[in-house]
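Naming follows writing order (A, B, C and D), and every chain is counted from residue 1.
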């Protein structure tokens, strides 16, 4: 019985296709939940379909709760450990264990503690984390993740250089534009907002320099913004290439019929 | 006779240069059609040149119809199959067969079914698909396409991460800015619009945060937008490089004086 | 005498450092010319410094004319050909020959033909081409150029895909937003302007969709814009890498002291 | 005693972990300083917390001064030279020596010379340079720097091409839009501002063309802007890859059973 549940719930991980229906049903339910909570934010729709939306929420939370309890039940099989209790803890504090719990918890909190309802609605955002569960079935994420992880130091350093540019240009802009546009650049925080909008090339147009010196500085920041895009892109490109290079080629010599290996591994870093 | 038509119509595929004139004439006609339907949207031009534009449309549809019928006629040569009927179906449901049909179909629909004229004008857009026919003669598209196809899983995963960022930031922004700017952020859909404009760094400036917390979240989204550009660019760069790596290395052995080739193929994924 | 002039004028190409002063003087003069014609567009500065600016223009045109005539005089040495006349023609119709002529020609035109002065001012823009002369001394441009040339077919195809996206989205947007914002989207040309601003992520904010469907289409176009940046970047990255791969490595075997070559050349395209 | 101070102050460079606390304390102090001078720009906060902020500044300057003097004291160990005086000079004019001095100098200047207080506030910006000290402990910067340095000629050339595009398009735009929007495009400098905002795809929306010809030119500039991002990104990608290529390939010979290494270094440029 337990083994059967384990096989059904973790089937995606084993590659069998018997109960693929369960997986897709959960994914469809997650997607419907996302659509439901989005529609809830439109007052007219929420008022006219209140009962349907609330019932749908109760039913989906029930399904997710049953799924969570089943996963907890089979935790000694999915997360083998010395004792059953340790396996349960291992599952609860695993990445997807936390996501699964956060997805259902906001629904039960009002029954437990009295808190501001406004804050509660914000907690509901965590429901989106259910979508992350879809990733469980996709291995491409691990490649992207490993590239980002391998290059984290270079990326953090690029982020640090970007932060330095934002800080220095914000102060410069506050001193240059502040006296001319006191309502646009009242303090350095307002200048931060401008610096990020310029460096990332978003450029909303709610705040921009009007003095000649300010425009000159802004132009330099905008051009540096190209570098801020080019550097991480170059780093990530190199990261993906590095993954491709970590290979071994076996060569069969056509003359003596012996095979030998050419292992080429990048030895940078 | 049939073979002659076949040779003329598919010449581009065989590399001969005898009837290159026909290909260029079709390309010029397609371009003129694009210009014509664009000019038609300017009322003053449409009114003053109504007859010319309508006659031009009738003539070009006639040419495209004849071309389509000729291609259908020679389908047993261009799409060899067991029976003539199967060849015709093969052509009709081939990529360019569908495009060719969609390009001429909107013109004939009003004679067949009574439908909203407004909708008919929208159908005319498909005429642009005629342009895709130009690609038939260009092989570079296949390289680009094969890179995108090889990397589809990584690109879809990047798209999924982007969608997650858009969803979470939209809800955050709706809860943060909604109460302060109820006419700018009335619901989560309005916040989606903001999130896409910010993450893609378009930044029209019609909707932006005005609270300190909103600006902080917006700044983080704008910076994540750099990653949203950097990741697919890095993936595509690596894809193009991977194509280049499917190369051959010639090694000259110093011992037996024989040279042999090592064909190295990336074995990642 | 002629040989001396030839050596001085083309010294940059031969790597000697004797008359480097001449090169830098020309570069400084070009830069000063750019500054001068920029300042001329500010009426107050032009009025108060009219004599200086006009004299400066006459002197610099004189210097550039003398330089051009000297280069024409030594054309049989710099552009060796069968006859002196053919050498002169070779120089006149060489890339830098044309640029040098265009840089000085607008000054002499008013003495020759009676034309609209407004148009004459536009011709002065060609003076900027003098700056291109600076490139004569820099070989990095050739690397960039060769990469762009090698990848021209892929880049043109990317441009074609971009054009298709712009055309289709413009028509869609005209039909969707046109009836709601007739003064913003009066015809397809106005929609082209929106499509380019969105796809390149410039987003001025003078024109944007206000309907739900329009925002949805616009969001998709903005996301496709990422691909429009990612594809050429990936292609160019691969192009630069390809240049690095076209190398030959000579290996000396430590055991038999024989050296052999490993030539690895990409065989794509 | 001196050796002890030397070891403590330069521990980060030697990899020992005994006095890591000192390093983190300095980094926290720098971060607090950045926050403090940012908060100082908000008048209400500055007025209510004047004493705390001023005392915090005095204490941190004291700590930074002591650190500077200690580093000067041990300069004969950290920057070994012929004489103690030369070592001190070597430290003072080293990159981090200058940064450390600039970080504390603005505080002492008012005691020395009578200058405009407004200007003094601008000098305080240099305090941010303290943050650069954090880089001392991070080697990733050197990789990024070496890539940028290796590719400096290509990057400068790209910058030059960008400058050319900005100059030419600014003049074109001034002649096209100037007569129609005299207050938006009064001179070429205003057009420069537009050109940079368009080419970097920032697009604030404060200045944009309204004529058909102006929009056409602007569209071309916006599309060229993609190239302006793609070129440096491709160059930097190739730069990072080049670093990876400086690798070693081990080949096992099937004939003599000996393995030897091939160190391949890119020989372009």
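We take it that a residue touches a chain if its C-beta (ideal position, glycine included) is under 8 Å from a C-beta of that chain, and two chains touch if they have at least 3 such contacts.
Note that the coordinates shown come from a computational prediction; the quantities given were computed from them, not determined experimentally.
Relative to chain D, the most remote chain by averaged C-alpha coordinates is B.
In terms of C-beta pairs in contact, the better-connected of the chain pairs A-D and A-C is A-D.
Note on chain placement: the centre of chain A and the centre of chain D lie 29 Å apart, centres being C-alpha means. A separation of 41 Å divides the Cα centre of chain A from that of chain C.
Counting partners per residue, chain D has 189, 201-205, 229, 233-235, 237, 241, 253, 255-256 as the residues that reach two or more other chains. Viewed as a contact network, the protein chains are fully connected, with every chain touching every other. On the side of chain C, the complex with chain A involves touching residues 201, 203-205, 233-234, 237, 241.
For chain D in complex with chain C, the residues that touch the partner chain are 153-154, 156-158, 160-161, 164, 167-168, 171-172, 174-175, 186-189, 198, 201-205, 208, 212, 215, 219, 222-223, 225-227, 229-231, 233-235, 237-238, 241-242, 245, 253, 256, 258, 260, 262, 264, 266-268. By the touch rule above, chain D contacts chain A in their complex via residues 34, 37-38, 41-43, 121-122, 125, 128, 131-132, 134-135, 138, 140-141, 143-144, 147, 162, 189, 192-193, 196-197, 200-206, 228-229, 232-233, 235-237, 239-241, 243-244, 246-255.
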